[in-house]
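Pasting the structures here.
Both complexes below contain subunit A, partnered by subunit B and then by subunit C.
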Partner chain A sequence: MADTPIAPAGHVRLGSNSGQSMTRREGVAKVTGKANYAADNKPEGLLHAVYLESGIARGKVISLNTEAALAHPGVVHVMTPENAPSLAVSPDEKPVPFSARMEVLQDNRVRYAGQPIALVLAETLEAATEGARLLAPEYEAEPARIGFENGEAYDPEFVTTGTPPARQVGDIDAERKKAAHTVEVTVDTPLQYHNAMEPHVIIAQWDGDKLTIDMPNQAIGLARAGIATYLGIDPENVTLRSPYLGGGFGSKAVVFGPQYLAMLAAREVGRPVKLVLRRDQMFGPVQHRSATRQTVRIDLDKDGRILALDHHSLSTTSSFDDWLESAANASLSIYASPAIKVSHTGLRVDTGTPGAVRAPGLASGTAALEVAVDAAAYRMKQDPLDFRLLNYAETDPGTGKPFSAKALRECYAEGAARFGWKGRPLEPGQMRDADGYLTGWGVGTALFHAPFFPAKASAVIRSDGSVGAQTSGADMGQGAWTALAQMAADGLGMPADEIEFEIGHSGLPDGSVAGGSAHTASAGSALFAAGSDAVRQVAEIAMNDPESPLYGAGNEGVRASGGRLHRVDDPARGETYAEILTRAGIAEVEGQGRGRREKSAAEQYAMYSHGAVFAEVKIDPDLYQVRVSRLVGAFAAGRIINPRLAKSQLNGGMIWGLSFALHEEGIHDLRSGRPINNDLAGYHVPVLADVPSVESILVEEHDPHANALGIKGVGEIGITGTVGAIANAVWHATGVRPQRYPIHIKDLLEGELARQRG
Partner chain B sequence: MNLFDYKRPSSIADAVAAGAEPGAAYLAGGTNLLDLMKVGARKPDVLVDISRLPGLGEIETLQDGSVRIGALVRNSDLARDAGFAKAYPAVAEALLSGASAQLRNAATVGGNLMQQTRCLYFYDQQSRCNRRQPGAGCDAIGGETGKHAVLGWTKQCIATHPSDFCVALAALDASVELQGPDGARSVSLEEFYTLPTEDTPGGADVRPGELVTALTLPADAAHFAGHARYIKLRDRTSYAFAIVSAAAMADISDGVVQDIRIAMGGVAARPWRARAAEAALKSKAPTPELISAAAEAALADASPSGDNAYKIELAKRLVHRAIEQALAGTPQTIPALPGSVFAAQAAGR
Partner chain C sequence: MTRSLTLTINGTKHDIELEDARPTLLDVLRERVGLTGTKKGCDRGQCGACTVLVDGRRINSCLALAMSHDGAEITTIEGVADGETLHPVQAAFIENDGFQCGYCTPGQIMSAIGLFSENGTANDPEQLREGMSGNICRCAAYAGITEALLDAQTRLSGKE
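Here is the complex of A and B:
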C-alpha cells in the first residue's frame, strides 16, 4: 500500500463538501425501510435461537429439562454446558482489544442474573422462546452480592482497560495546609444500561470453515480478529456485514457470549442461525455503565483558587472481570490545581461486566466533579461561571502539557450569552417564573478526549468518470455514511452525492473503531487521503502526457474539482478524470489512504474537545416534579465536517445528560440480584415532552495538532457537563444539593423535609 | 409464550361461552395482556378475541342522563370525543395523561379496567407473588418499594392499581357492567377492585367467563364539568405511571361546595376515594384551612409499605393542589401536557 501523505495534498481542497450541513445520505433508505439492518436478513434455512437467562445471580445450574424443550414442536436443538462445543480459545482469554470475559456455556456456573445458561434452536422464534421457557432450570443459589453495601471492595491494578488507578500531581498535603476553605461532596451514580434502540443481533451462517455474519458492530476489524481467534479460523474466512446500526453507544464495540453461542450453534447444526436479544436480555451480558460512589474534595485559597482537588471513585464491576469506570480521572483535565489526587476503588458485585457506555469515565466523573465545583463556588459566594474562569486550566492539569487547542473560554462566553446567564442570583431559591415554578440555572464544563485510531481506506477513479471510496467503518446512527462520504468526496475532488461510497463490511480496508469520538477524524482522514492518492495518480498521468493541457504543470500546479483537474494558474486549462484515463487506456486507478496522528504531536499536546452547558430547570415548589426547560451547550471540537450532524450528536448527547441526571437507573433487586426494571417502560429515558428546548452552538476552533485536518469529536462530549449543569440548576432552584442520580421527586421532597428538621 | 388457541366469536353470548372455558382470556387492545403473556405472567390456553364484537363501541347518553361507554371504545377516541370531554373533562384529562399516544390508540376502556398492576415483582416471574400464585408470598415486601401502596395494603399485597382513567371514574361513582354465564350484573367501579385482606391479595372482581361490556357514569356525574381536574405526578413527563395522582371535582354554587369528589391513584390496589376529604369541604365555602384539612383527611389512614413514606406527604400535597385547581375551574381546553403539573408551561403562558 502506498504510504500516502498525512497532510492534505495540494491538488485537493477540503471544504467544498466538508463543512456543509448535508442531510443523511442514507436517510431516504432508512425512512422507506430499504436500509437493511442485521435482523432484516432471512437466509434460507434459517433457525431462530433464543437463550435462556439465569434467574439467580450467583451459584450453579443443577438441572435443565432439555427433554421438555426438545419435545416442543419446532425445537431443533438445545445447547447446554453438557453438549456445547468449545471455543478454540478460553472465553476467559482476551485475545484482542475490547474483548471481555464471557459465558458460552463452558460450565454450569452462574455469575450474574441474565447470564445465558442454555440456547434453544427452533424453526420459529415462538418455538425457540417457548422451548427456552420449558427448560425450567433448577439452581443451587448462593446469596447475591449487589449494591454499594454488599459488594466486595478491592484495589484495582487499573481502570478501564489499562489506565493506572491512581495519580497524583503536586503535593496535596502541603497545598491543603494553605487552604482557607474546604468543600466535599459525595455523589452516587446508578447502573445504566446502553439500551440502543436496536438490540444485539447476529445472523451466522457457515460454508465449510467460512463464516458470514450479519451483526451490528462498531469495530469491524477487531470483531473479525476476535471471532477468528475464538473460533480457530483464518480471519480471511470471516465476513462481517454491518451496514447500519440502530445505536451502539459502546456496547456494540464488543462481541459477547450470546453472539458466540449463535456462531457455535450455526456450525453445530449446519444451518444459518439468528439470535436477537430481547429488551430484557439487554440488562445482562452486553455490558453497562458501572455504578459509582464518588467523593470530591476541593481545597481553596481565600480568593477561591483551587489549591487541591481530590477525587475518589468507588465503582462496581463483575466478580470475574475488571472493567472499572475511570470516573475520578475527570479531575485531571478540567480545572487548574497545583495539587490533584485521583484514585479508584473497585467493588465486585454479581452483575455482568460493565464496559464503555457513551462518554465512559467523563460522564460519571463530571457528574460528581461539577457538583463539587458548584458547591465550591457557592462557598466562595462567587458566580459559578466566574469561579470556573478563575480556575481555568491553561495547560492540562494532569500532565502539564499544552492543549492542542482549547476554546473553552469562548464556549463559556457564547453559551452564557445565548442562555442569558447574566444576572443569575447567587443564592438558591430566588427565582420564580410567572407561573410560580421554582427556577434554577446551572452550568457544567464539558470535556472529552480526542483520540485518533489508525485507519485505512481506498478510493477509485474510473475511466468512465465514476469514482468511489471505501472503508470498513460503522454508522451507528451518528451520520458516518454522510460525514465520511463528504471527506472522501473532498479527497476525490467530487461532489459528495456523485461518489459511490461503501462502509460497514469486513472486506473493506480497516476503518477502525467507531468509538472514542474518533471515527470522523480517523476514518475520515484515511478516506480523504485515499481520495487524494487516487487524484494524485490521475494527475501524474496527465502531467506526464504531452497531449494533456496539464502536461508539465507540476505537482503543486493542478487542482481537482468536480471530477476535473485544472491548472492552478489557469482554471480554464484542464480536463476530466475520464478524459485523462481514457486517453491513457487505463481503466481505473486505486488510491490508498491511512489516517494517522503525528507521533510528536501526540506526545507534546493534550487533546480534548471542550464545551460549556447551561441548564434551566423549572420545579414545582410543593410537588417537586422537575422539568429541564432549556439546555444550551457551546462546544469547541476543531473542524466540523457536517454542522447539522454534529449538532444532532451534541443535542443527543445533552439529552443523554438529561437522562443521566433525571431518569436512567438500572434497578436490581438487592436480594435476588435480578434486574427488575428491564424494559423501556421501567427503565426510563426522556420522552420528547421532557426536552422542550435543547440547543447546541458550534464554537470555532482551529486545532493544528490533533490531526492534519484538525478534526476532533462530538459524539460523547454532550453528556459530560450536562449532568452536572442540571444538578446544579436543581440546587439553584431548591437549595437541595443532589447526592444521587437520577434526581427524583422523592429526593427533593425528602431534602426539603430534612432541611425543615434542621 | 405458551401455545394457545385463538377464537373470534361474533356475538357477546358466544364470547361469554368461550370465555367461560377453563384457561380462556379475553383479548381486546392487548396492550397489557400480550405483555403479560410474553413474560409468562399469564399463560392462557385460549385467547377469545372480542375486539370486533358488535355493539360495544358506542358512547351513549341514556334517557336518565347517565352515560354508557361501550367496553371496546378506544381510550383516545373517548378522550377526544368533544361532547364527552366537555361533560367529563377530568376523565378526558386522566385518559390523556396515561401511557403513550400509541398505547391509547390501541387500548380499550374495558381493557383499562382489567389491566394488571405494574408492580415489578408481579412481572418478574421468578419473584414470589400472591397475585400470580395465591399463597406464594410477596417478594415486593422488603424489595424496591418506592412506588408501592400506602393505603389499603396488607402483607398479602402492596401493589397499586396503575390506571389514571379509573381514578377519575371512581370520583364520579362510575359503575361497571359485566356479562357472564349467569347473566348480567353491574357493580360500582370502586367495589370492582377488592383490596387485599390478611389472607387474599385482592384484584379485579371478575367471575369466571365474565366480560366487561360497558362503563356507566351516573347522571349527576355531569354536575362537575366546571370544576374538574386530574393531576398526575411522575418522574418523566409522559409514558410513566403515576407516583401519585389525584382527581378533584366540585359542584359549586353561591361560593359553596354543593358536592365534591376526590380520588387518588398510585396509592392503593384500587382507585382510592377520599370520602373524609370530601366531607371536610362539602356544603362549605372553601378556605385554605379547609383544603389543608381535607388533604390531611385524605391520607389519615395511610402508612408506608416500604421505602415510600414520602408518598404520603406527596399525596397530601397533590390532593391539596388538585382541590385548588378544581375550585379555580376547568380550563377551556385540555392542556398540551394533560395531567401535568407543568400544564400551564406547555400552554405557552
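Here is the complex of A and C:
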C-alpha cells in the first residue's frame, strides 16, 4: 500500500524498543520522494480549484465578473455567494471542538483581508488561477481596524477555548505593601503565522453521499465529526486520509472555510476537486498567533524573593470569533510568589481568527515573563540563574498542587554546565569576542503543560506470526510513525521493525489529537495497551492448553519477547505466538487499548514538562545586527521514547524561539488591513545560516503520576524560555532591554542612543 | 496554442504536450508527468522545496517555465537513489535526522547534491550553511541537516 512507509534498515535495538534512538520508520519514503502527501494524489477526472481572496479587510463585495472567468478556456464552474450551496449547519456554529467560525461564501460580507470571496474550478491549475484573476472584484470598503491602537478592546469571557480570563492567588495588594523593589516591563509580540512548509490542501471526492478526502490533519477523529456535521452526512460516510503532514504546528487541527468550499464544490460538480492554498493565502483564513501587548510587574522583598507577580495581556482576535492568546497565564506556573494576578483583555481587529500556534499561551507569555524576571534579577544585582533558583516553585504557584515531577533544578544545572554559564559578568556590555562583536548570555525557564487525551488503538497477532497495530494518530514531523510504533511493539513483545503499523486514516481507532504535546503519551499509551491486550489473549490460550509449555503458568509467570511467550522461571520453556494460535486453530486475536490518566492523579498533581534554555548572542557593534551563536537547552519531560527524535523536536522548538525573538512578524497595512509581507521572502523564518549551534540535553526524570508509562511531551516546550533567553542575552550584550518582538536593529540603536544620553 | 517539448527526466525521455506556455517546470513534473516527489512550498522561489537539477545545476523549478527548458536533462528526488541503494546524501539525512515532516526534504537533498557538485566537498560548515540557506525547513531540523551534510560529504569523499 502506497501509504505504508518502508522501514529503513539499521535500527539499533537493545532490549525494549522504547528508549532507543531509532531512525524514522518512514525515513526512506521521505528521502526518496515516495511519501504520499495529500497534494500528491490525483484521482481520475480531477478539477483544480483556486479561490479568490478579498483585497479589503472590511466591507462588502459588490461585483464579480463571473462571465469573464467562465469564458476562460478550461474554467468549469465559478462559485460565489450568488450560487454557493449552504452547509447543513450555520458556519458560525461550533458543533465540535476545534471548530472556528468560517467563510464559505454565505454572504458578500468581508471580515478580513484574504477571506475567500469566490471559488473557480478548472481543468488545469493555470486556468483556475487565471479564472480567479478575471473575477476582478469591486468592493464597498469600510475602514480597517488593525494594530493595538485601532482595535476594539473588550473584556473576554474566556481565553483560548474556555479558560477563565483572570485568576488571582493570594492578596496582591497586601504583598505589594511589603515590597522593597518593583520592576515592570511591557513587551509586544506580533501576529505570527504558522506557515508549515506544506500549505493547507484538500482533495475531495464524492461517491453518492460518501466523501473521501486527502487532507493533512492533526485531529482526524474531530475533523471527521465536524465534516459530517457541517455537510449533513453520517460520520461513517467520511473517509479522511492523512498519512503524512508537511508540518502542522496547530493550524492543521482545524478544518477551515477553504477546505469546506472544496468539499461543497466537489459535490456540486460531481467531480473530484483539489484545492491547495498559495503561500500568500496562508496569511488569512487558516489562523495565526494573536499579537499581544503584555505588562509584567514584579514586587520583591529586600533579598530578591518575589512577593507579587502581576501579568496582563492585551491579546488580539478577529471581529467575529473569540480565540485569545492566554499569554498571562504563563505566570501561574513558573515562579513561586505568595500573590499572583493574571488577566487578559481582548482586542478585536480585522484579521482572520487566531488559534493555537506551537506552544500557545506559553510561547508569548514566557517571552514577556522571562524578560521581567531578568530585569528583576538585575535590580537585585543577582545572577539571573541564582535569582531563578531563589524563586524556585516547589509546588505549582497557581494551584498549590504538588508537581507530578519537576527536575527543573537539574535542567538549570546541566544546561549551565554545558553552556559554560559560570563566570558570566553581572553587568551588561562587558563581553566581546575575538572579532569585536558584543557578546551576551541569557537564560530562560521553559515550561509546557502535560495534558493527556483519551485515545484508542487496536493490535493484532496472527497465526502466521505477523503482528500489527493501528491508531488514527497523525505524524506532522514529530515522529509518530516511529515513536508510536516503538510503544506498540513494546506492548506486543516484538521488535519495532517487525510489526505492521498504521496511522493517519479515519478508519482506524481514534488516536485523538496530535497536539498539546500529548500525542506520544496519549496515543502511545493506547497502542501499548492494545498490544498488551493482544498478548494477554494469546497467553490465556497457551496457559489453558495442556499441550503448551506455558500451561498453568499463570499470567504473572509468563513474559513476552521477540514474538514468543516464555516462562519467567525458565525462559527456555516457551513458544511463539504463531505456534500457540496455530495449534488452537485461531487465525488471529485482536487487542484493544485505551490511553488514560488516573483521575485522582489529574486532580492531585500539576503536570508539566520543564526546561532551562541558555543563549549566546553576538551583535555587530556598529550595525547592531544580532546573531544567535549558541543555544543550549536542558529539558525534563518524563520518560523519553526516542531520544533522537525528541532532541529534534526540542532543537526545532528552540529554533522557533529564535524565530520568535528575531525574525517572525506578520505585518498588515494600517490603511487597507492587507498583509504586506505574506510570503516567505517578507515573513522571515530562520534558514540554516541563522542557526550555527543548537543543542538539547535530555534530563533524567521519572514521573510516576502523569500516566502509567511516565511520558510527557517535547513538541512545544522548546520555544518557551528560548525567546526570553535570547532577549536577555541581547540585553546582556548591549544594556538595552527589548520591548518588542521580533527584536529590531532600530530598537537596539535607539536604546543605545537613549542610554548614551543617560 | 498547443506546444510540445521534450524533457529527459531521471534518464527517461518524456514528450510533453502543453495547451499553452504557462505551466511551470514544477507543475509539469507534478501534475503532468506524475513525479510528485518535488514539492511546492511557496511557488515563488523563496523556500526551495521545489529544487531540482537541470543539466546538473540546482534551480527552483517553480520559477522556471517548462517551455524554457525544452531538451534539458532533469534530475528529481525520484532519480537520486541507485535502485534500492540510497544516495549517500539520502542515507545521511536519515541517519542524522535531517528532517521531521519531510516536506522540504526532497528540495534539501537536491540542493545538497547540487551544492556539493558546485563546491566539491570542502568541509566548511559555515560555507555549507550559507549554501543551503535557500532551502527553508519550518520544522527547523537544521541541527540534523548540518550533521547530515557533513556526514554526506564524508561518505562521498570516501567513495571517490
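Definition applied: the second predicted complex is superposed on the first by the 743 of 758 C-alpha atoms of A that agree within 3 Å, B and C clash if a C-alpha of one lies under 4 Å from a C-alpha of the other, contacts with A are read in each partner's own complex, and residues count from 1 in each chain.
The rule is simple: a contact is a pair of C-beta atoms (placed from the backbone, for glycine too) under 8 Å apart; a residue touches a chain by one contact, two chains touch by 3 or more.
Since the model is a prediction, treat every value here as computed from it, not as a measurement.
Q: Of the two partner chains, subunit B (first) and subunit C (second), which one does A:32 touch, if any: first, second, both, or neither?
A: Touch partner of A:32: subunit C, not subunit B.
Q: One more residue to check, A:686. First (subunit B), second (subunit C), both or neither?
A: After superposition on chain A, A:686 lies in contact with both partners, subunit B and subunit C.
Q: Between subunit B (first) and subunit C (second), which, if any, makes contact with A:671: first, second, both or neither?
A: A:671 sits against subunit B, while subunit C stays out of touch.
Q: If you tally the residues of subunit A touched by each partner, is the higher count for subunit B or for subunit C?
A: Counting contacted residues of subunit A, the larger count belongs to C.
Q: By the touch definition at the top of the document, which applies to A:629: first (subunit B), second (subunit C), both, or neither?
A: Only subunit B; A:629 stays clear of subunit C.
Q: Quick one: is A:746 in contact with subunit B, with subunit C, with both, or with neither? Answer first, second, both or neither.
A: A:746: touches subunit B, not subunit C.
Q: With the two complexes superposed on chain A, say which partner A:263 touches: subunit B (first), subunit C (second), both, or neither.
A: neither
Q: A:656 in the overlay: touching subunit B, subunit C, both, or neither? Say first, second, both or neither.
A: second
Q: Scan A:128 for contacts with subunit B and subunit C and give back first, second, both or neither.
A: After superposing on A, A:128 lies clear of both subunit B and subunit C.
Q: Between subunit B and subunit C, which residues of subunit A are contacted by each of them?
A: After superposing on chain A, subunit A residues 73, 126, 130, 681, 686-690, 692 contact both subunit B and subunit C.
Q: What does subunit A use to touch subunit C in their complex?
A: 8, 10, 23-24, 26-35, 37, 39-40, 42, 73-74, 124-126, 130, 195-199, 244-249, 276, 278-279, 475-479, 644-645, 647-649, 651-653, 655-656, 659, 679-681, 685-692, 694-695
Q: Mind pulling up the subunit C residues that touch subunit A in the complex?
A: On the subunit C side, the touching residues are 19-20, 22-23, 27, 30-31, 34-44, 46-47, 49, 76-78, 80-81, 86, 90-91, 93-95, 97, 99-106, 109, 125-126, 128-130, 132-146.
Q: Where on subunit A does subunit B make contact in their complex?
A: Those in contact with subunit B are residues 55, 73, 126, 129-130, 133, 280, 434-435, 437, 618, 620, 622-623, 625, 627, 629, 662-663, 667, 669-672, 674, 676-677, 681-682, 684, 686-690, 692, 742, 744-746, 749-750, 753.
Q: Which bits of subunit B are touching subunit A when the two form their complex?
A: 1-3, 39-40, 100, 118, 120-121, 123-124, 126-127, 139, 142-144, 146, 233-240, 243, 310, 313-314, 317-318, 320-321, 337, 340-342, 344-346, 349
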